[in-house]
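Listed after this line are the structures, all set down as structure tokens.
Look at the two complexes coming up: subunit A is in both, with subunit B in one and subunit C in the other.
This part shows the complex of A and B:
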């Protein structure tokens, strides 16, 4: 087997230390910090699960948020039927996965810009459905869960979901399945010629990536206690994780993580420190990164140099 | 070579590829006319000819990607146009296309591993990999390098190595010498001989006639879609027309 496939001791220690910090944070920080970290974890889960299809397989799925929204709506609707959160989310995830399996057949026939546009249309479709199936979704007014403060529990769940999604995406990237997905990204016809079941694997990747998004959608709705079409099918939640992934470095292990952390910190600093034009400055930062580091932060030379010096394996940056 | 001591007729009965009278059209244009060709187990056959003679079209037809208007292509006794094209690599028919079709942003090693994706090849992945690295020691050195960053000669090695990983019985090479320096071509042709000595039949499509005739046992000359000459490589090398047209003598 390939050398270095077993995680090193220092890697395990680092994972443990990060986990310990996240575990004790609620006891130390104010709820504002917790809510912010919760959102970072939500974005992380979405970005990393998006990148299984968007980066590893190279199919830009602009409709990834439709899984998030469907998970959120299913969870809230089921909770209002009297189910506990756990029962609701345990049903919402399979419902979303089934939906992903159904749409995967027509959508994975598309490639390149057509796949991106087609999946983007999926969000509009969900938006229209959420507005018009009023009995189910409450229409444009949105829908509420039974009330409650779940900040700390939701924080833990989101952090665990983000960690699990990263682990899932890593294990896929190192597997034969991941090798096949990368070959589909490079040249689907040649991959098929060497025996890769291209259509099946494309559907498989989409279905797998839908599960973390659906789960985190359920957690988000549970914590927010209220969702509306614009909060879960809006452009913000649809495009932010994708933009963050691309600026961090799509198709690399560290890319989505670096992108989410960097851009959420930048966003936070800008709108707390700069009263005017913070959104414009946020836009300028994204444009500058895009211009100077076209492959994402992680693929830039200085980032590689700094990280290699800190002992990070180049596996995370490829 | 396993068939070295077997008389020619006996070899003919052990057929890898048998092409009978195929006609291929692109729209109204006839690209191949009554092409017949034969590759016996364990031999190297060269298909020679100038640009636009129809060599690549012929290979694509042999691989089942283009359907002939008439005639048939049999690989190990089976009509290739009745088998889905993606199944043929698993049956041991492997093509190294002219454009190489490598996975450029993946490493050399990943390209090779992908070559062994079909279930038969997967079982022997490690021994195939060892063999490919023996044939092309350079690829072991370049194992974790991105193919896009490798030289043209190295990329050709990856393309051939990847095809070998799929456990081929018949390896079809479309102009492997294209764009390579003469010294690299000489090395490549030596390796093709070595591959053949391991029992893999080779169909070599080439423009560099002299070297191909030294390597092959049988050869065909394709011009404007028709086979104009065929015979043993030695006979063709002595043929006055071939010498005048291709060897500059």
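This part shows the complex of A and C:
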């Protein structure tokens, strides 16, 4: 809705090329590569949906993974009741969205560090519940779906989910709703004084961001065929997408995407090339990015210059 | 001339400290209504009560005969009262255009077509002379431009009353003259303006009516001439 500059042709071509590559990959790559790309798509979905609240609205939701885990558990539990995956995930998403709606009002009262810590506590709560509601969740031993190899189907679903989440986040950014979220990020009281329905939109943003996370949680569980409290409510899945988003450039359209792609590639190269020190090197890379590009990779000058030359609209980098 | 805004025995207390006590006045339609007083007199508190960001401890505010005290600030904005802040509070990382667009999208009466928001935002920017800076990030503007931006954001809500809180403070002589001309043009549009100001010359020149606050209470009200010759006012300012 803002000044209507269209993305250049070369950029649209690049998007189609990427999509085409993703579509034919399963026919060409070994299954390891496919599993890796599946995880990239899962992280992309989580990072981009996280950034609707974390970047656009400026509320760091450290508990975003609780939606992922709830979606995963709901899907598995429903599948074990005899539902097909599709029926299960079609119920798991509304269940999670309802949960998000219920917690949204009390949690969006909080701002800044209070919001971040409050939502982080949500994951611990879910973790405790998953451990203790044994009849439902299998406790710390986890829970399995009916067996099956769904690598290729899950790969396609995850890639589609990631693409749809990016499209969703873009359309929000261009809407009045997105403008309102950014005004809330800058100064909620001033936004309120100018008629922005601050409380309603804050809840709305949290609820919307929960849906992609819940869906990808269901897909993740379906593919893994087994989940446990530590695999869906663990620190890795909770913090990685957020760290990737921040290093990529939180609040920009390309930021979460660049962050996820860059850091997953870095992770992969490091642990295959530097067997003992890969985690230390990963940490060093993150520190270096943080030092040299405090606003994230996308906001750095060289990245903007390179991407602008390649025809990317500046809209993706603001 | 009809009464645009009326405050009836407004009082605001913060933990026993009276920021406003029993303030009553009327603002006529089309007037440029000045509010003056020493620091801590309650001028900004008064504006906050009118705009709804602060609830009065007692007393009421009426806008065109309708009671607005107790309504949400966004509601009051849509009814037709918008303002600027001191110190300025633009949405720092948003563009100048987006800042004004927030006012045009959310601060206007809903009956207007939403498609017109962008046009209203452009009009407001043109009116204050910031059109060429529409794509700039708000925090990169000069202090004078930020004041203009705040005025544009308020104007984009299509207000009937505009609250201008020290729009001239910290400006150079030239900038002051320009903003003064802008304030006159706002008045020419038929918008009733309330102005908090420290520069006496400005108040004397511009305002039709002046309200003097002192320690939260109404000290005097009248034409600039009457107020300036009021012995109590002279006492408060010089003593």
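Definition applied: the second predicted complex is superposed on the first by the 306 of 318 C-alpha atoms of A that agree within 3 Å, B and C clash if a C-alpha of one lies under 4 Å from a C-alpha of the other, contacts with A are read in each partner's own complex, and residues count from 1 in each chain.
What we mean here is this: contacts are C-beta pairs under 8 Å (C-beta built on N, C-alpha and C of every residue); 3 or more make two chains touch, one makes a residue touch a chain.
Note that the coordinates shown come from a computational prediction; the quantities given were computed from them, not determined experimentally.
Overlap between subunit B and subunit C is detected when the two structures are superposed via subunit A.
In the superposition on chain A, A:190 contacts both subunit B and subunit C. In the overlay built on the shared chain, the residue A:179 is in contact with subunit B and with subunit C. Subunit A is touched at more residues by one of its partners, and among subunit B and subunit C that partner is C. Touch criterion not met for A:236: it reaches neither subunit B nor subunit C.
Subunit A uses residues 176, 179-180, 182-183, 185-187, 189-196 to touch subunit B in one structure and subunit C in the other. Within the complex formed with subunit B, the subunit A residues making contact are 176, 179-180, 182-183, 185-187, 189-196.
Within the complex formed with subunit A, the subunit C residues making contact are 51-53, 72-75, 77-78, 82-83, 85, 89, 91-94, 97-98, 101-103, 105-108, 114, 117-118, 135, 153, 157. Residue ranges on subunit B touching subunit A, taken from their complex, read 85-86, 89-90, 95, 101, 103-106, 110, 113-115, 117-119, 121, 162, 166.
Of all the residues in subunit A, the ones that touch subunit C in their complex are 1-3, 176, 179-180, 182-183, 185-187, 189-197.
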